[in-house]
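Here the chain labels run A, B and C in written order, and each chain numbers its own residues starting at 1.
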Amino acid sequence: MSAVIDENLGSLADVSDGAISIKDVVKVYDPDGAAVMAVDHCSIEIPAGEICMIVGPSGCGKTTLLNAIAGFHGITSGSIHLDGELLCGPEQPQAEPGSDRIVVFQNGALFPWKTNLENVAFGPMMAGKQSKAEIYEKARSMMADAGLSGNENNYPGEISSGLRRRVEIVRALMNDPKVLLFDEPYRALDSLTKSVMHEALLEIYYRNKVTIFFITHDLEEAIFLGHRLIIMSSRPCKPKKIVEVDIPHPRDYSVLTSPRFREILNEAKDVVHDEAMKAFEAGEKEG
Amino acid sequence: MPDPANKSEILSALKSAMPFQMVPDNLMQEIAAICTQESYEAGEKIYDLGALADDVFIVSSGSVQHILSADTDASKHEKIMRSGDVFGWAAVLEGQSVRLAATTSIEPTQVLRINGKKLVELFESDPAVGDVVMTRFATMINKEFYVPRSIADQVPGFKQALKASNLQGSEVTTMALTVYRIATWLKSPRPYLMLIGFAVFLGFWMLSVEIWKLPRFVSMPGPTEVFTEWFSEDPYYGLSFYTPEYYKHIGISLRRIGFAFLLATALGVPLGLFLGWSQKFREYIFPLFEVFRPIPILAWVPLAIIMFVGSETPVIFLTFLASFFATTLNTMLGVESIDESYSRAAKCLGASRWQTFIHVVIPGSMPYIFTGLQISIGVAWFSLVAGEMVSGQFGLGYIINTAYMMIEYPKIIIGMITLGVIGYVTSAMVRMMGDYLMQWRVRELALGDN
Amino acid sequence: MSLSKFSDKLFSRAALRGIFAICVFMVLWEVGARSEQWFGYRFPFVGLVPPPTDVLVSWSGLIGDAGYWHSWYKSFLRVFGGFTAAMLIGIPLGLIMAVNKSCYGIIFPTFEVLRPIPPLAWVPASIIFWPTQELSIAFVTFLGAFYTIVINVLGGAKSINKQFIQAALSMGASQWDIFRRIVLPATLPSIVVGSAVGMGITWEVVVAAEMISGGGASGGAGGGLGFFIWSSYVGGSYEQIIVGMFSIGIAGYISSELIRQLGGKFTPWLKTR
């Protein structure tokens, strides 16, 4: 953990890339003729470099938004722009996946058949623009920064899931993305590992400012990590309340017991609980 | 020795410490056995600078202030240790007998204490794992305590021990694992139950044919007759371990299987991969494939005899066909079973469709392909025997058939048993090939904490 | 499936592509088979095969022939006879081995040693042993399906989530209860899969046995589609060979579908999600 105190670590002033603009997005699924609206006229503006936490009960369509930004699914109407350029919209309902928006998956998607180092080097190796030696050197140093040295030649299956997540994040960062999309990545981890992961993520963030679009159902995780919480209503998905988290950076886990943290938690709790009850009563299945 | 109630606490504290996160369970248990738990009150001194460095500490809960001596060449001297952090690592440095820091607990703190010497000894017993853990110690010391490499380099390594035992990383895993598995197997009741089963089967066979001479079993050859024939130097019917004909027939069957199986794999795997990967291709080709697949292989015999010249080619064709269908289908299913997240991740990382095919689809379907290949070789033997019985000359199926027609019954049984053994061996060879090509899977299954 | 949905599926782009490929194949086959007739030059392999048009003519003739359908009947009888026997013995055996570790330890190794021996290799031994030819065919057929079913039952039972059993135990279930209400239903999907695969193998064996044991001769045995193919070959009516081949393919497909549908009825919970 870094012992350097820098009051401006959380500032977005020096980040220029990665502003996401979601305008009036609607997504309707049509399985067997029964139209299901997953996302209902959702509009969100995310400034470059912000850690934006999307909070909501299971199955409310948060992943649909993420998939739309990443380019895995299309949208029915509305538009999404990245730094002013169109990702998907009326003429082009589905975005092209690309290395400017990289996803960190819920159950991890490190290639089990490649070593950790090979995984981390994957993106630049596919692009083919640098020499193998350069790529691998950068990979090694980024892994060392993230506390992963010694694991280069292991396979993902041989290390703990917490470490795997970190390798996946480093793999993404090797490509200089503008946005990192997290789909409940820590959902399956125990809370001890989770808190270690949170601090590690923030540390990585302080070194590499990217926009982070992070889906979670864990309120404490959201408040600890984020600049802002966007609390979504249950299906169909629509922003219900926005909560600003003005706790200063850098944050370590002593933040969790600070009075300001508790205040924000109280502010957000009731809304989240409401939506969770609605989802429960509607019998929503988890995404 | 800690009691069971605390064991799980100890284990989870151990697992939260970075150097120990990759240790397999059995070694973890042994490490836990040499740990002791201790509590300190707020402000209590844990050890002083210059004291004897015998134990390593892991913080279980609470916090500890760690102040390196001003003499130490470090970029930062003060550090606060919390749950999961490791200190007192001077105890594992070579040639370091005294403490490099003073430590005091800040609030009420619980720690795990591990004797440094005993820890190093444990790792000497398993150099592969020990090496990794010690490297992690070195990394941690280097990074977390901001000391120069020269200090971290004093962490003992086990590369010497590894080289001495002449084994490298992955070999240690597979071979040590096999030896370990065999030893465990021998200690279990399994081999003995197995022998009971064999004994019952052979006993029943012997009793029914030779001793009780049950009516239905009269014409059957008994085990004594079969085995004496099989092992005799001058067998009555001309076929035993000592006759060259025996090996000639085995060789011919093997040659046919080899050729047919390899051809079927060379054609079937790429076809299966494309069928799985490209929806368009599948829509065109799969229905055609499915029209022919249900036709039993032997139903092709007359057509094969019509189409191909000679008696060798039809047999190989039939064997090939059976193998081909099984391989293609299983490969296709394998591609379809790959988790979607992998190809999505590849796309995000900028891989082209072709690159995704090479780096995700092919390695990802390998486990399924090899399962399919094992099925395929079983099916190949099935068809080969049938083909040899009907239209071949030479080969094990041919032996069985002619032995029947010439009333040389013990040869039938010899042929059958030989088939069984060779069939099993070839299947095992395919499986071992798969294990060799997919080291990642072997290690994942052996060590991972899935 | 309603008629409109069926015709939707039939004329969907996927189906049309499949039909297109099959038609292309048929055309190539026709051209190749008639190559000697049309070009004076006989294509290798294909040139010796009867053309599809001749095959279709022959088939339409056979549809009215009682003997043809009798062959179907005999083969089906053998397949289901052997298959039922394999289920009746294989499923309980598999379950016993899954539940009782000692039984598994004793029986499974012997089972595994015998399994690589192809069922057809048993034919001579079977003929020597069993009094009638029909029984010997039945035995070999039984063997074919038996191995697959047992392996699938074992596999299914092994993958039962231990927590189901723990949950039942904590609610006070007896061993018999656990067996009947957890192990049995949880293994059903694997039994269904094993049966569908076993059905395919059963057909292979039946056809093989029918062809090998020659058929026709001793007491009522013989006949069946395998024999039909073989005698067509011997008698020189090559178009009938191909008719026979596709007939068996269709018969095999029907049997597997039947099993899958039946199996679906026993495992309604798999249809959700």
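Points to keep in mind about this one:
Basically, a contact is a pair of C-beta atoms (placed from the backbone, for glycine too) under 8 Å apart; a residue touches a chain by one contact, two chains touch by 3 or more.
Quick caveat, the model's predicted, so the values are computed rather than measured.
Relative to the centroid of all protein Cα atoms, the closest per-chain Cα centroid is that of B. When each chain is reduced to the average of its Cα atoms, C sits farthest from chain A. Centre-to-centre separation between chain A and chain B, using Cα means, comes to 35 Å. Averaged Cα coordinates give chain B a centre that lies 33 Å from the centre of chain C. We define each chain's centre as the mean of its Cα atoms; on that basis chain A and chain C are separated by 50 Å.
Within the complex, the chain B residues that touch chain A are 12, 15-16, 18, 21-22, 76, 79, 83-84, 132, 135-136, 139, 143-144, 169, 339, 341-342, 344-352, 355, 359-360, 363-364, 366, 438-441, 443-445, 447-450. If you check the complex, the residues on chain B that touch chain C are 189-190, 193-194, 196-198, 200-201, 216-217, 219-220, 280, 283-288, 291-303, 305-308, 378, 381-382, 385-386, 389-390, 396-397, 400-401, 403-404, 409, 412-413, 415-417, 419-421, 423-424, 427. Across the interface of their complex, chain B is touched by residues 13-14, 17-22, 25, 45-46, 48-49, 102, 105-110, 113-125, 127-131, 200, 203-204, 207-208, 211-212, 225-226, 229-230, 232-233, 238, 241-242, 244-246, 248-250, 252-253, 256 of chain C.
For chain A in complex with chain B, the touching residues are 1, 3, 70-72, 97-99, 101-103, 105, 107, 109, 111-114, 122-123, 126-127, 144, 147, 149-151, 153-163, 171-172, 175, 192-193, 196.
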